[in-house]
Amino acid sequence: MRPSGRQPDQLREVSFVRDFTMHAEGSVLVTFGNTKVLCTASVEDGVPRFLKGKGQGWITAEYGMLPRATHTRSGREAARGKQGGRTLEIQRLIGRSLRAAVDLKKLGENTIYLDCDVLQADGGTRTAAISGACVALVDAFTRLLERKRIKEDPLNGLIASVSVGLYKGEPVLDLDYDEDSNADTDMNVVMTQHGGFVEIQGTAEGDEPFTRQQSDTLLGLAEKGIAEIVQKQQAVLGW
Amino acid sequence: MRPSGRQPDQLREVSFVRDFTMHAEGSVLVTFGNTKVLCTASVEDGVPRFLKGKGQGWITAEYGMLPRATHTRSGREAARGKQGGRTLEIQRLIGRSLRAAVDLKKLGENTIYLDCDVLQADGGTRTAAISGACVALVDAFTRLLERKRIKEDPLNGLIASVSVGLYKGEPVLDLDYDEDSNADTDMNVVMTQHGGFVEIQGTAEGDEPFTRQQSDTLLGLAEKGIAEIVQKQQAVLGW
Amino acid sequence: MRPSGRQPDQLREVSFVRDFTMHAEGSVLVTFGNTKVLCTASVEDGVPRFLKGKGQGWITAEYGMLPRATHTRSGREAARGKQGGRTLEIQRLIGRSLRAAVDLKKLGENTIYLDCDVLQADGGTRTAAISGACVALVDAFTRLLERKRIKEDPLNGLIASVSVGLYKGEPVLDLDYDEDSNADTDMNVVMTQHGGFVEIQGTAEGDEPFTRQQSDTLLGLAEKGIAEIVQKQQAVLGW
Amino acid sequence: MRPSGRQPDQLREVSFVRDFTMHAEGSVLVTFGNTKVLCTASVEDGVPRFLKGKGQGWITAEYGMLPRATHTRSGREAARGKQGGRTLEIQRLIGRSLRAAVDLKKLGENTIYLDCDVLQADGGTRTAAISGACVALVDAFTRLLERKRIKEDPLNGLIASVSVGLYKGEPVLDLDYDEDSNADTDMNVVMTQHGGFVEIQGTAEGDEPFTRQQSDTLLGLAEKGIAEIVQKQQAVLGW
Amino acid sequence: MRPSGRQPDQLREVSFVRDFTMHAEGSVLVTFGNTKVLCTASVEDGVPRFLKGKGQGWITAEYGMLPRATHTRSGREAARGKQGGRTLEIQRLIGRSLRAAVDLKKLGENTIYLDCDVLQADGGTRTAAISGACVALVDAFTRLLERKRIKEDPLNGLIASVSVGLYKGEPVLDLDYDEDSNADTDMNVVMTQHGGFVEIQGTAEGDEPFTRQQSDTLLGLAEKGIAEIVQKQQAVLGW
Amino acid sequence: MRPSGRQPDQLREVSFVRDFTMHAEGSVLVTFGNTKVLCTASVEDGVPRFLKGKGQGWITAEYGMLPRATHTRSGREAARGKQGGRTLEIQRLIGRSLRAAVDLKKLGENTIYLDCDVLQADGGTRTAAISGACVALVDAFTRLLERKRIKEDPLNGLIASVSVGLYKGEPVLDLDYDEDSNADTDMNVVMTQHGGFVEIQGTAEGDEPFTRQQSDTLLGLAEKGIAEIVQKQQAVLGW
């Protein structure tokens, strides 16, 4: 039934390539099928003004798409002079999700920028970005520990994310672009490796609302998918 | 337990004042306790470029806060030269939610701007805005019908929204600012008058994720609250 | 002769509602007929850079119109990414006018933001804004005195403003939108409660210039109107 | 008494150099003492959208200061990414004033841009700009007539402008920077060559308001000065 | 002598990976040592306004660096709201260089966007971008021919680019970051496959100017390097 | 052969008027035929952040064109809200070129802004700007020495610039607009008074690349022209 021939509860091929680029403290190319996102974690001394002197660090995220990551070229946001609402919404979600993974006190007065740039898009770029940024963050923490810039690992645990939705009335896991653009309901879910929910964003795309029962089924599907993604994260980290 | 003394499943006082200002086709002051939002619906001929010639209309929303709607003054977005990420995220939510209430075909090639401006903020501005904008939209449709600019009522049904959350571990309905700024989990829910879910946005605010069971309890609380808000909408509309 | 049936030297109904919103140190809804402006006075520690260390305070103003305050919707300045020339011109006028009401030395190193947001427009928004902002300013001074953040009242005296103009060749007081959009000459006048002129801005709107005699007649009319507005300010302040 | 040694009712040396640059339809360097403004009139086919199809033309103005036209360098507005409030206010004044000089119907569907760029500032840049732009406009009309792009001269008559003010309590004409920065009251006046008032903008600069009598005296002084400037305009135009 | 141990006239390892991403008509990852740039060619119907109706096409380029392509993170241009001068300068150079490779008449009324995004920077990003964009352009032309959107191949010939410079007084080819940041003179050269010069940009970086003889030597070095890069381009294209 | 009747190796009339405006530390009107650029040098205390505490100064440049400096009016960059790519490219070139003329250590922690504003354009505005800015810079250094703000003259030597190009296949010196807009190759060259090259920027404008031999011939022509311009600089400086 799915355009890709996948089972309803089957993820696309998920992979993480660490140290994809050489300068960043963490640099991960994450792949969810044909969706490819480069996630880097960059450490900077100091914290934003609103946190000065509070003895804690900060995690923030920025998201972008290369102009031709998509089927048709979309205008470059730098050239248009502002980031669109979708971009801001996604980067707020990424930052919020990853902050939930971290004990900011243990980070000290350091800021970590998570840059998630989509090289190729085929649906699910935000969930791939969150899942990949988490691996880049782990690598950055490792380097901060090695360089003795922090004393304790600030990581509370891994975070991963996946989309679920109703496609032709059926609950499916990890929607690709073909499914996403035709879904009745689309839900992005972020969870911890311990099975806690960090974020749920469900939207009835058409004028067909969804039921509480459907919502619950979708959450179950997300739990399954995220558990598998966390296993992949653990594997690539050698845990 | 709640700072306001309310029961866990008790809404704040909710009211809708229609025709609050005189120029707009729909103009509603919505009050959720101390949160006051002016929602206007403005009809314009024509549709955005991407819909030209498709024989349907469009609903879009803009959201703003007066600089001193809040405890401390926040900079005027017009003066800073851009709308912040939070603003864009909220106005995208409002627009998406209200489009779910409307048969855009029946609207013809007209665009309705829903302007939601917060005069006074005390938590829940986006849920108040959605609930108020729906009443303004109904009034605008009535005027379009009276003026024979449309033939059929495009409304599929009422839409309302409320926040729910975990405050000191307890599920509560319709959080005010004191609760919201200390909540463990905050969830905004949008539903149709017929009990369908249009949007669920749940966030673990601290580093304490929530469970699937808690999510389900919160949705139940939201269902109760939204049903009451829909009754208020119906009452003020004389239905 | 006037569309509203008023006498040439008759003001619209003028009212001031204090504490219209709850967070600001001063919050006044001013009404000149159908023109309604919410004026808040917000106190912040410190002064702009150019005044640092000079032992004085600062008063500044910002002006905005809700998109549907007007007959037809005007684009939101925050969304367009800049304030228009008219907006900047008006907020500069408001700030300059109110500074004339204040002994900035007595204010200490505090800044007061006067936010004037038009909820409903029917001509004369800037004159209503100045008149209302003055009442909000008085309330803010009272609170600063109560909280012992300042020792002496910085107010030199009340300030009020009204428009006058030539409508169908006749001098009239306090033009509404119907008159304003058809006036030959439009003049905005700001005065102190003691009868001194703070600002005169007179413009021949069409290609019909005005005479020195007409200018003098208009100033006389403004003196009368402003005296009445000052009485309203005093009444609402309980002076 | 005046820093420059001038009589209270004495203008600075006023001159107009026509065809100061070679590309514009009108190009005038206007000098009021040490204030030097280059005013060009540029003709373009067509009118702004709001005038399309109304069979009339449009006059608009833009104003700028070279960064080091002033005592200390001010940041380049193009580099800061926006025009300041003062700039917008002045260019609105210039445009409005010059439109009063023109029968826009006779201009046909053409737009004239009046660019007023201050090469050197010593007070009174806006009044010099208005007076110089009028001469540039006359030259542009002459060229449009020569090229048969218009049939009738659209000029209603010359427009000129001067500042007056209270300096150390005395009414003086055409304030230079030393006077302007210390004036109690500053008034910019725009008049037609026939003695009609187009614009009056009077401001009490300090906390010392001015009287109706003083306003009247200042207007008399302005009438005298503007009459002299009009004579200079006529002389340089060979009228 | 060179930090990398290369001979003075030795290129870094140069490679081109075609079809690096899947949506663009041409998509090439170009590598000059550790410098990696993703170059995509996107075809759109139509031409910019200034070319409408002239029966020719257009080639334009945009350049960007991912925030952590560099040693230390640089702010995202989309977030800062504008492209910097260096970015604009480089993208103008890329566009101009590639237009020299193309017969725009044969392209018909189509526009090709060349997006060059630096994934990892180690000096020479603009020369790599030009060399890679040319291969992406060839692929795009091939697809346009296959799809019969154009009849003749618009390519005049290949274009490639390399940097040369004086490092510790010695002429060297293809500077990496270590050399570039210490070079006395830096020169970027763009040439056709037939040995013609398209662009020469030479700069004395310190206060040590260079001689005409040195300039000539550098051009000779560039000729050699570009010939080798063209061979690589031909090899990857299977010519 | 040249539209102007000049010999191939003949400059336009070149002149420098010092102290053209009165406020700047250096103010020079430079004329290359009909191209007229006002160059001011403004001294400010302090240096940009990246140089703080390094005991050296900084030279930076800004470039602008008055809207009607050109044949047809171009939009004012301040009104459009950003500087175009061409503007940024030119001002970066001017700044870089003039820094090559200066020992920044001897300048101390001062910044000099070189503002180059084109009053009238007829080709070669950037080369005139560089040549004129150098004279303004010398005057500013003289004033800094007189005022004892610096102890030693920071000038390494004069800098001048000229364009050369291939017009109808022939090498010509100092192209005017008619030539420039039809040139096959255009090259801007910046040199020191001692004959060293500071910058070479050569571009094949059409699809006709140039040869190494042609490049060399053009550099020879530039050497001749720049030597003559340096003589003019020396003459006007009384050296």
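Going by the order they are written in, the chains are A, B, C, D, E and F; count residues from 1 in each one.
Here is the rule we go by: contacts are C-beta pairs under 8 Å (C-beta built on N, C-alpha and C of every residue); 3 or more make two chains touch, one makes a residue touch a chain.
Each chain and its UniProt protein: A, B, C, D, E, F = Ribonuclease PH.
Because the structure is predicted, anything quoted here is derived from the model rather than measured.
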item: Neighbouring chains shared between subunit A and subunit F, ordered by label; value: E
item: Between subunit B and subunit E, the fewest steps along chains that touch one another; value: 2
item: Rounded Å distance between subunit B and subunit F, as computed from the means of their C-alpha atoms; value: 58
item: Interchain centroid distance [CA atoms averaged], subunit C/subunit F, Å; value: 50
item: CA centroid of subunit C to CA centroid of subunit D, Å; value: 28
item: Subunit F, residues touching no fewer than two other chains; value: 81-82
item: Running round the ring (origin subunit A, first step to subunit E), the chains in order; value: A, E, F, D, C, B
item: Interfacial residue positions of subunit B with respect to subunit A in the complex; value: 82, 84-86, 88-89, 91-92, 96, 99-100, 102-103, 156, 187, 191-192, 194, 196-204, 206-212, 215-216, 219-220, 223
item: Residue ranges of subunit A touching subunit E (in the complex, touch as defined); value: 21-24, 27, 34, 36, 38, 40, 42, 44, 62, 64, 66-73, 76-79, 81-83, 87, 113, 115, 117, 119-121
